[in-house]
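Mind having a look at this structure? Questions to follow.
Letters are used for the chains, namely A, B, C, D and E, taken in the order the chains are written, and counting of residues starts over at 1 for each.
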Amino acid sequence: MDLIWLIPVLPGIGAALNGLVGVRYFDKRTAAYVACGTMAASLLLSLVAFAQLLGLPGDERFHQVTVAEWIPPIPLETAGGIGSFEVPWAFTLDPLSGMMILVVTGIGLLIHVYSVAYMDHEPRPAYARFFCYLNLFCFFMLLLVLGSTFLVMFVGWEGVGLCSYLLIGFWYHKQSASDAGKKAFIVNRIGDWGFILGIFLVFFTFGTLDFHAVAELAAEMPVEAAGMGVLSLICLLLFVGAIGKSAQIPLYVWLPDAMEGPTPVSALIHAATMVTAGVYMVGRNAVLFSHAPMVMEIVAIIGLATAIMAATIGLVQTDIKRVLAYSTVSQLGYMFLATGVGAFAAGAFHLMTHAFFKALLFLGSGSVIHAMNEEQDMRRMGGLKQYMPVTYATMGIGALAIAGVPLLSGFFSKDEILYRTFLHNRLFWMLAVVAAGMTAFYMFRLIFMTFYQEYRGPAWEGGHGDHGEHHEDDGGDHAWHGPHESPRLMTVPLIVLAVGAVLAGYVGVPAALGGSNAIEHFLEPSFVAHAGEGAHGEAAHLSHLAELGLMAISVLIAGLGIFLAYRNYIQRPETADEWAERYAGPHRVLTNKYYVDELYDATFVRGTMVGARGLWGFDGGVVDGAVNGTGWTTVASSRISHVLDKHVVDGLVNLVGWVCQEGSYGFRRVQTGLIQNYAFATLVGVFAFVTWFLVGR
Amino acid sequence: MLEAAVFYTLAVLILGLGILVISARSAVHSVLFLVVNFLLVAILYVTLSAQFVAVIQVLVYAGGIVVLYLFVVMLVSLKRAPEQHADTRRLGVTGAVLAGAVLLEVIGIVVSGAARSDAPAGARGAGVPEAISDPMLNTEQIGWVLYTEYLIPFEVASMLLLVAMIGAIVLAKKNL
Amino acid sequence: MAALGFSPSDFYYLLPELILTAGALLLLLVNVIVPRRDDLLFGLSMGTLAVSTLVLLSFAGVDIVISRGLLAIDGFALFFKLIFLVSAGLTIMMSAPYLRVEGVRAGEYYFLILCATLGMMFMASGIDLITLFIGLETMAIAFYILAGYLKPSHRSNEAAVKYFLLGAFSLGILLYGMSIVYGMTGSTRLDEIAVALAAQDRSLVLSLGMILLAAGMGFKIAAVPFHMWAPDVYEGAPTPVTAFLSVGSKAASFAMLLRIFIEGLAALTPDWQVVFAFLAVVTMTVGNIAAITQSNMKRMLAYSSIAHAGYVLIGVVAATERGVVAALVYLWVYLFMQLGAFTVITMLRRRDVVGDELKDMSGLFARSPIAAVAMLLFMLSLGGIPPTAGFMGKVWIFGAAIDQGFIWLAVVGVVNSAISLYYYLRVVVFMFFREETTGSEITIGPALATALAVGVVGTILFGIYPQWLFDQAQNAAALFGSTASSAMLR
Amino acid sequence: MSNAAGFPLLSLILFTPLVGVVLLLLTDRRQEDRIRWIANATAGAGFLVSLPLWFWYDTQDAGWQFVERLAWIPSIGAEYFLGVDGFSALLILLTTLMGVIGVLSSWTAITVRVKEYYVFLLALQTGMLGAFMALDFLLFFLFWEVMLVPMYFLIGIWGSDNRLYSAIKFFLFTLVGSVVMLLGILAVYFYNHSVTGVYTFDVTQFHQLNIPDGLQWWIFLAFFLGFAVKVPMFPFHTWLPDAHTDAPTAGSVILAAVLLKMGTYGFIRFSLPIVPEATAAFVPLVVGLSIIGIIYGALVAMAQKDWKRLVAYSSVSHMGMVMLGMFALTPVGITGSIVQQLNHGISTGALFLIVGIVYERRHTREIAEYGGLSKVMPVYATIFLVMTMSSIGLPTLNGFIGEVLILQGIFVVSKFWAFVAASGIVLGAAYMLWLYQRTMFGNVTNPKNEGLPDLSMREIWTFVPLLVLAVWIGLYPKPFLDRLETSVDNVMARVSSDYTPRLAAAGAQAGQREVPSGTAGAQAPVRGGTR
Amino acid sequence: MLEITPLHYTALSAALFIIGVIGVLVRRNIIIIFMSIELILNAVNINLVALSSQLQNLVGQVFVVFVIAVAAAEAAVGLGIIIAFYRNKETVNIDEMSLMRW
């Protein structure tokens, strides 16, 4: 277990190899082997470490490794006197991080393997670059997960943001891709702004940045039920960071755009791992959050609102990846809802199951896109079931899982969340259930539009259909022979993930269904300050029967969603359009994603740019001009001084400058060359002094 | 009484001639007024019992310098009226007014100073011989002071005159 | 023998002056006996200066009053006399090639330079108004002639007329001031004046005398508003004469000014401090601001020299030993940088080029890197950028002002020195950044090379290791300051 | 005070570039390659001789090290007094390293007046090194001013379009500040004399003065003007974009990497310890200006169309950050400030090199002229990316360490300031990424860019040290922070009377440092804690 | 009024001095300006002699001797300069002497 630091470092080495040497010298195979090999090694280590962790008694499952000093101790004032600002490179393995490293390395490895085939048509340097980024991402993600202090986590936090930026903009020659990358990074930075301030406040309050130490200290502070105390402020700031990273309202806008990246990237980063970092972070600081009930409430509300809003937008999207993206946003909202109502374990559980089925769905969509020659619009697909059965089957499983169909993983985790929400607030529960229904609807809308109905895509050589379209995409540099099943390297990960999506839920079968909710008990130590201490808020309980009733309701709603999708897209495909016409207003709002992007663009982006240009003008015109005016410089560039004259009014310095310049000419003008005027000046001097002495002394 | 009469007469004449010097149209007239002025000043010196200075005044100024002036005025045979061309930027009149103001100030200061302590409280320099009203003694005294106490400046003055001489030659000679 | 007013020892201590006089007279003779031997005349005058300097140096540490209280042979005088002799030597060195190009006779020219130096030496030594006045006039008359020495040149003529007329006019003012001081104290000897003034109340009449004296001296040091002759005369006079005028004459006038005001009018210190403070401020400001738009090098340096007089006046205003040291140090380093700059301008005077316009400096670096780099040094030094001597001078000046609480004066001073860099750098721009050139090749003869070398060495040496200079200046000011401060204490 | 080297190491470092100058002067101006070799060899030698400062530096010695002290101008008490602490040692190393890089990067960029160019570059090097070493205030000022001239020429002769204007602006701006600073120096000098009766410019002596409040204010303002212009702080920054834009690449690199550090160095070395009370009194002003600088610089950078000018404005923003950390007057803040100075030197220096490389190929700095360079110059794009990330403070790279320390340092002083300043980070990401996108991403739209060659081996080598440093400081800054410990503590001991230097504390309670101070926080429940 | 004190002489001297100054300021003929300067010097001399007489101190008169010597020297040089100037410009008008300005 002392070698856990190797878990992130291995992919890091892979990234370095591929980045420094690979781009120039590796052929595709080598690059792929390096990347997958390091990931596999990392997975292996994770498994061993996890096994060792399991081998420990429940309340001792905490292991910290300090690799090196990072920032050596520097004295600094804190709220409690002079503290010592000190950050080591330290890693923590506990149940929560243990689960996470498994998810990251496991799904990471699968996606690496998948990418080997998916990215095959890329040129060699780009191929190596891709794997370099992917490995780098895993490095940072594992750092984030394993880091035992806030700052180490922040390193991973920012690092995954960077990788996300790089991978979204992987096809940098596409304007939209590089735009999306930039947007992701900058929006994330806004979140990071809150996060880092939260970290500062943590240090200021506790004098340490170690999660464990902070949790222990925080546990001894009173719960801030009545008002916003310092803990609430910390949590709020941290949550701002989580909002950015996990794409919650109002900072969710980057995630749908991030779909510009290659699909494996979407699967790994924007579904399975990175975007859940916010949830993970909140879970990491469960003790802090549970001392700030008001913030918890905010977390829950934002999570819920995001879940609903994203689900509604997902209803009308036509881009296959965007549907999945909004679905991700929505599911993340669920996770926050869970943490917000205090069900940290449920949130983490859903995080894990979601990682499986969402990665599966993305990879499946990637497979479809691959098959359709980079076509992403569902309206141009249809009837693919016959061409790619494996993809169809696995995606179907994924959709069932996310829709919450019983006995699949999503069912268990989602119902746990809904149950806990119900305990917390019934209104929340109702809304969450509605969102779940919408999820089912749009997921099956996706399945139906893609795999059922008629084939609506472009024609291929020798194939049927005659409405050939010109493709801008240069991805298809080889002739396209119609939709086809993806190669083995892609389907195997799909199958593995599908198995996962089915089985992952069984680690957390609720008691109502006769399970023991193993995952919850396993994770519990990570959410309390002292192992063995009981979890909070376990007071309210429902009978198993009521719990089963709730499950039934949510299953019913999900079934309703699926049915509606079936009716609208299989039975009567025209209904969709009818509805769209009938509710034209709402439909437009939804297709335009509530105009949030436009709103942000008009306010923040444009505002900033206008401000920036204005300041520049100010800088060039006034501040600079003011200085230019100071005579000496003016003469050097008469042209500039000419322009300057217009700015003379602006400020005293400017005036001084002008006086200075004119003064020089003035003094010269006095120098008339006439001797008598010179003598006159002398006389003036004498007169002035005499008068001064006469009057003043 | 007589002293006052003499002084006022001389003062009026000196100032009047001074004004004539600076206001005469022709340079030649100016020079002539200047000679008379110098002579009157010499008389003034006599009334102040500075006979030696008076003699020098007559010899050097009236005899030497003015002749030089006259000589130059003649030499500079004017082909056009010297004051024809006037530069408009010249502050002549303003200057005259300002000079008048300075004069008022100076006289004011002198008068006020005199009013406070009716004579400047001068301390006589140590070892400086007293001036004696006897004309012969005055000359002797001055000679004594000049050749003992002020010997070095006197020598320097001789160099100064040599410089002036050489300079005048250098400047005035046509092809040197 | 005391009754005669002098003793043989007086002549011993006047040996440097006597040698100078003898040399000057010999020069006249040789000029007549062996005509057209400019090199001989050059050697003779340089030799005279050298011997005079050597003798002078042997008086180091002497502090006596000779000639019945008219002359002081002290460190202060020694310091200034060195400035005069060195600047005269450098002037003659740069004159030799210049006169050849201009085609004028050298004999009387060297004679006049030596006589002007003689006058200056009396200005530094004199502690009596008459002596000072005679010294001043000896120098001034020599300069009147030198300014007009290029007789065919209209500009030279005009410079002479202007300098002469205004000089005579200001002489009248100065003399009137002296007569008032004499009337109020009954003496022309500075020590007696100091004693007499200390015994009486301050009166307006005295203030009037002081103002007139300040105006008269202000003319000589070219302080605003008595400065107006300077640009025109500097521009018109032969370049080496301008150099000598701006260094020697200015230093001598400062010597006289320091003697009169700090030693003689010590009792009036608060009064003349305000006068000079005002003069310093306007002088620096007007000098620098007017200089920034000049296109003629000599004219620009004239304004710059006006501004420098302003800096030195700050030292005078401080009116302490530190202030005097500052003034001395400044004048000494000013000697090297100003003369150096004029040496370069002299260099540019060739048969076909007048060489004193700013544009004549164009591409100097390409044509003569050594001259350009030297000029760069002089410009930086004038602007007060280390590690040049000018910086050390400014440190002293501003230090003296701050020491005495004249912080505002120091602030004006430093702001001005920053402004001044603008026009000094303009020269650099022309020399280094422009390509076009004018006129024939520049050749640096041995005399000019020596002058340039002295300027460069002085500028750098006193910038990097000024200890020797500071010691000398402190000695000079200490001997001088002892009498001054005793009078100042009243 | 000691000299571990046993020989005048600092003088050796100081005068090595001058030896090069002399050698260059003796070389025929037409043998350009030989000149280049000499210059590179000298710069390399300069770096090598400065390395002992890293290895021989004793982090346990709180005094000045490698001290050399000779009489210079006894009559005014000025001395040839050199010595370093951790702070100046690091800056000296940065200077010598940047010297190598600057000289190396000029190999092909400079084709006219080669000899003079290297002469000025090396002379500049001596000036900068001297300023960092001098412990005599007059000597410091001398070197401080000496730097101006070579830089003026570098901009004025080898600069681009508006070079004369920029050069003079640079010169005069800095000069005005520094002459006023000179007055401040003199005021301290005379005050010291009035107290001790000794005329001296010894900075270590000044560090022990307790100057009365009123005088402190004035001295602080005088110093402030001098240093703030150099930094440059917000209202005094306008010379910077011009100077940077027009300077040749090496000039910009050195200007950004080293020259700007003069100002911050001055603050830490002189303002803070000599006039601590005034420093404390002026914190709101300086912090306010710094924060304005951070935001303002970032916003203006965003509006730029000129690549180099954008980087220049980013400098304004970053240096605002440096000033902010310094005037937190907390050990973490000051440490961060110093680290950030190094970081700024590394990343901004590299960014200017980056601009210089395409400028050399294309002779334009218009961002719009570029685009899609990733395709034609992948190595270049990669390096640019790393440096962009370093500049915007991405963790694992150097910038992050500095920013975190600075913000943490200011946070404990005022939450509000930290809130506002941290938002500069967001803007920083925005303009840098936008720049990166506009230049590197997209398709090659401008046909002139199609044939651009990627970096040559020489060019890569100019970046390698910077990349290594960026990663090193990002991942393991301990060696750097250890070296700063005593420097920061000495300053802190002046600005805060109850501060206990770490070295002393460690000596007093040897081994008891592990006691987490956080427990103190737990005992006293915290309420908001805004001061 | 009737008792003639040094004050009277000083006033006379001041008046003459100012007359000279006015002459310098208003006339355009250089030669007349020179003569005005002579008036100024004379004013100084009157002052000195009167003070000397009043102080019973000969130094003032010695001073006058020197002033007269200097006046003579100046006259010689000044007139030499005028002649040199006149040779070139054929004028003694001071207003035509503004070649160098600004």
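Here are a few things to note about the model shown:
Throughout what follows, a contact is a pair of C-beta atoms (placed from the backbone, for glycine too) under 8 Å apart; a residue touches a chain by one contact, two chains touch by 3 or more.
All values derive from a computational prediction rather than experimental measurement.
When chain centres are set by their Cα atoms, the one at the greatest distance from subunit B is A. Distance from the centre of subunit E peaks at A, each centre being the average of the chain's Cα atoms. Two chain pairs, A-D and A-B, are compared here, and A-D has more C-beta pairs in contact (counted per touch definition above). Nearest to the global CA centroid, when each chain is reduced to the mean of its CA atoms, is chain D.
Distance between chain centres (mean CA atoms), subunit B to subunit D: 70 Å.
Each chain gets one centre point, the mean of its Cα atoms, and the points for subunit D and subunit E are 66 Å apart.
Measuring from the averaged C-alpha position of subunit B to that of subunit C gives a distance of 30 Å.
Centre to centre, using the average C-alpha position, subunit C and subunit E are separated by 26 Å. Across the assembly, subunit E contributes residues 6, 10, 17, 20-21, 24-26, 34, 51, 54-55, 57, 59, 62, 66, 70, 73-74, 77, 80-82, 84, 87, 94-95, 97-101 that each touch 2 or more other chains.
In subunit C, the positions touching at least two other chains are 130, 134, 137, 141, 144-145, 148, 151, 160-162, 165, 169, 183, 186-188, 204, 207-208, 231-232, 422. Subunit B has residues 87, 90-92, 95, 99, 102, 106, 109-110, 120, 122, 124-125, 128, 149-150, 153, 157, 160, 163-164, 167, 170-171 in contact with two or more other chains. A complete list of chain pairs in contact reads A-B, A-C, A-D, A-E, B-C, B-E, C-D, C-E. Those residues of subunit A lying in contact with subunit E across their complex are 668-669, 671-676, 679-680, 683. Interface of subunit C with subunit D (complex): residues 380, 384-387, 391, 394-396, 398-399, 402-403, 407, 410-411, 414-415, 417-418, 421-422, 425, 428-429, 432-433, 465-467, 470-471, 474.
By the touch rule above, subunit B contacts subunit A in their complex via residues 87, 89-92, 94-95, 98-99, 101-102, 105-106, 108-109. Residues of subunit E touching subunit A in their complex: 21, 24-26, 94-95, 97-102. Interface of subunit A with subunit C (complex): residues 631-633, 635-636, 660, 663-665, 667-668, 670-671, 673, 675, 677-679, 681-682, 684-686, 689-690, 693-694, 697.
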